[in-house]
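Below you'll find the structures, each written out as structure tokens.
First chain A sits with chain B, and in the next complex the same chain sits with chain C.
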Partner chain A sequence: MPARPCGPYRPSGTTARSTAIHRRALPLLLIPLSGCSGIQSALDPAGDEAAAIYTLFLVMVAGGALIWLAVVGLLLHAARRREAPWSEKTAGRLIAWGGVAFPVAVLLALLAYAVWLMPAIRPWLAHSAPAARPIEVTGEQFWWRIRYPAAEGMPAFETANELRLPVGARAVFALKAQDVIHSFWIPALGGKMDMIPGRTNTLSLLPTRAGVFRAPCAEFCGASHTLMAFSVVVMEPEDYAAWRRAQAGGNPATGSEGERLFAGHGCAGCHGIRGLTETASLGPDLTFFGQRQTVGAGTLANTAENVARFIRNPDKVKPGAKMPAFDMLPDGDIAAMADYLVGLK
Partner chain B sequence: MRLIPKEIESLWTLFTAPTIWALHFLACYITAAVTCAKAGAVPFSFDTMRLALGLITLAALAGIVLSAVLAWRQWGFGSGDPPHDEPTRKDRLLFQGFATLLLSGLSFVAVLFVAMPLVFIGACQP
Partner chain C sequence: MLIGWRHILGLVLAGALGAFLIAWSGIIGVGASTGHWKATDWFLHWVMRSSVRTAAIGTPVPAFTEGMLPMAAGHFEGGCAICHGSPARPRPDSVRNMLPAPPDLKDKIAGWSDAELFQIVQHGVRFTGMPAWPAAGREDEAWAMVAFLRRYPALDAEAYRSLAGLAETRPAGTGDAIGTCNGCHAPERLDAQSLIPDLSGQSATYLEQALLAYAEGKRASGIMAVATERLDDEERRTLARHFAAQPARLRQSTSGEDAARGETIALNGDPARRIPACLSCHDKAGANPAFPRLSGQPAAYLESQLKLFTGKGRGGGPFRDVMAKAVANLEAEDMAPLAAYFAGRKPAD
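Let's turn to the complex of A and B:
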């Protein structure tokens, strides 16, 4: 199987095998195209804005292909041996039409199309809709703080590294940055928008298909920039409402061993778990952590072993991560805390 | 009737059209940026601004056409054939006329491109 440049996302760092492509296997080259679907692809839109971008992409590719064919055709035509050369007048006319008028008209049309499409890609007028209270997303080295506003009688709450949205409802985001510039990009849903310290940028997206998508940080932000991503779960509205209700309620104390250790080892100084600890804000909120797709903001699959690995030495998993190592703790303690966190469902 | 004395039909007229293009560009970008940054504080609406910039665009295009007509005349209304590369005073004048004409064409298209968003963008981004 050829390498799939935009194949499915594998959080635990597996690699795709690549094989030499035999000339007779040329049609296989088309197979990577199937890899362009998937959870982090702008070529597999699941939202209105992404669909507009996808259309723009197709139009530009088709336009580019036609122009390329025309140029190559002209080249072949010009290289042909002929009896009498073109008269200077005919050649001049060819240059005027083919070299000036045609490119000006094509560029004018493409530019008009792209500018006309802009309101569909960045529907900023939607921001002023009364229902649109923004979800605040803050980029921090190297994770995402997400604050949901109070809505429909349910209180505001904070979560991290996983965004949940109802399908078919316009979502508005207030984008901020804590330390350096990050960039918010959910390829399946729309274009990207920078997060700049000291500024609030607004972005609006309309998800049209339920599913789980991956959103990488799109602006280099430090050593673990590539390991800074979040998951986006687009859900049916009823499921979303149930999720919201549960989130606001939090994870009440169970009295488990892991929970006791979590409080005892000082984790709660940086991490909040609603219903259990006071909200701390240095690190990601961990309420319902077990529901998340990944640990370490898109770095590893969310399994008890990976969580333990992360707690033992975050810097090894994620260079520069701003969580101290806990490798001085007994393995048993770490495993118990990991089990507890993964069990917060 | 001469609009501009013949002596000025020189390097200076060569730059007229690109200068209009540059000024038009600045007018569009600065006006739009200030209007949006001061949204609510400026005493006119976004559509008024669009209209005003549209008129400025027409004026800029008219200026460029004028520059093109003058250049065309300087070029002898296309009577001679380029490239006008003899080391004579006449050829230099014709060459400049021709170059000015081409630059006017470029500037005309560029002003159209710069003005394009006026047609499609109807509001500031918040």
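Let's turn to the complex of A and C:
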């Protein structure tokens, strides 16, 4: 095999075709980029902490790209045929500057930058004594119990699987776990932080843009780990205040068929609905269920059909769910209860 | 000539072949009319006694209560007396010619320990006609039978009748089935110790589903399987309606610390231990009629059912898995207080 001349490797006769392939492949290459925005992306920040992480990410990527380009450039340069090789002294100087001094300087700079960013990414350092009482979020297999503290004369209340926050106000979370380790992560706002049984971890986030975001459990917690998520609805302050005021009243009894069946079949033995007489809290609270984005903690879209599907056999929708199957109930009963729940707005 | 392994093998094969030839020829009699030789009879009994003795080793014996007796006595009359006779009726002549003949148990009980009796009742005896208990997984019922058998030798006809419920007067104009049910379930025969539920005022839906569950083997009970095996759909519905129409009654007022603890769980559950409130399904106005009424039921019955539910041995109607999940985290020491609370709770009208 003849020695190949130095220079970029280019098999003969492929030049024209490869540009055509490039032109066609370009849209395909852009597809992964579409994952960068959306309801569950750390690259489309909607909060201070996520923005700090995003900045750090950009600096790292840009810096990494520059260094990569420099190294590749150097490699190409070194591969060129040259009449006079470098003297030992020159080469030694290159190694000392490029191989020792440069990495030390860059790594030190990055470390300094990351340490400087720390208070922004983990605000508990700066806000160790927050004035606001924390929202308590407890991970349970496989859903999220959310307890809002009393505020401005409004009583504390419990909800599940959907967090609502006002834009521009710092929210503090007390993170707990009921059974196994879960992890709290709202990619668009910041985080993540583990939820550990027997411990309370504190995290604080500052939402800066209204919107609906998805927050997955970020620590493997059992059969339905991948189906355990919650929605985060960041609202304008006045909308949030109206929502917060409505919470105490709940959904008063209306005497509908679905409501009667909900109580009669014993659903209220585990699920609370404020405004009805019984207030159990073993399973997810269902007050204002119709306002929520999803059924089954981020598993299905919140429609009456999906609620009915969940009631009929939770384990089929969400393996390992603690709720018993009610597939022995008549379809009409299940449909009426599903309509009732979806109508709790 | 030395005897080698070929000779031994040949002898064994010839022996086996000979045995098959003798059996094939039909000269071995299997008729029951002539009985066993004395030696065979002794050998078979010796094998049986040895087997039961060995099987009984290490069997823990539960405490016997008075409440076990009526349930077992009723079943004895329906299931056992047809072969073994009872103080109320002699063994029928037809069974005297069985081989072995089912013994009159009066004289036999003393020769066995509790654990040995349990082995015989639970597993039956091969080659004798003594069947195993009709429901596997209901050792509590077999133990109730052992408790009854211990008492059996001392029973005269009157005492036996009053335990087994034979003296119950049957309501005029009703079918035989209702009288049979009342033989055990008659409310005036039940007290806090009873393992038998009170059917009066129970929801018809629940009763019908329970009877169907017994028939389909989804609720395991040797006693109820035998008692209800001849019912068809229509009879189950009629019985359920009849008992549902009877007035529910308050049995006794249980008070004290136990019932107070039970009341807390019944009303609020125990959220920390993931136990829902009993009253969110049971004994609630407007509740699903498939959920049984608990108020006024005998405490011992309620406790036994909770034990079966947590031990996965209960089964039941269509909602059995809902109840099994609801009580999954209940501890043994919660059961007596809960049972005491519901036993003393006034049934709603």
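Odds and ends about this structure:
One rule holds in what follows: the second predicted complex is superposed on the first by the 307 of 345 C-alpha atoms of A that agree within 3 Å, B and C clash if a C-alpha of one lies under 4 Å from a C-alpha of the other, contacts with A are read in each partner's own complex, and residues count from 1 in each chain.
As a working rule, a contact is a pair of C-beta atoms (placed from the backbone, for glycine too) under 8 Å apart; a residue touches a chain by one contact, two chains touch by 3 or more.
Not measured: the values here are computed from a predicted model.
Applying the stated contact rule after C-alpha superposition, one finds that A:Thr202 touches chain B and leaves chain C untouched. When the shared chain is aligned, chain B comes close enough to touch A:Ala112, but chain C does not.
Touch criterion met: A:Ala263 reaches chain C, while chain B stays clear of it. With both structures placed on the common chain, the touch criterion links A:Arg147 to neither chain B nor chain C.
Using the contact criterion defined above for the overlaid structures, shared-chain residue A:Val104 touches chain B, although it does not reach chain C.
When both complexes are overlaid on chain A, the residue A:Arg133 reaches neither chain B nor chain C. Look at A:Arg122: by the touch rule set out above, it reaches chain B but stays clear of chain C.
Within the complex formed with chain C, the residues of chain A that make contact are 260, 263-266, 268-270, 278, 280-282, 322, 324-326, 328.
Chain C makes touch with chain A in their complex at residues 269, 271, 274, 276-277, 280-281, 284, 286-288, 291, 318-319, 321-322, 324-326.
Partner chain A is touched in their complex by these residues of chain B: 105, 109, 112-113, 116-117, 119-126. Against chain B, the residues of chain A that register as touching in their complex are 100, 104, 107-108, 111-112, 115-116, 118-119, 122, 124-125, 127-128, 202.
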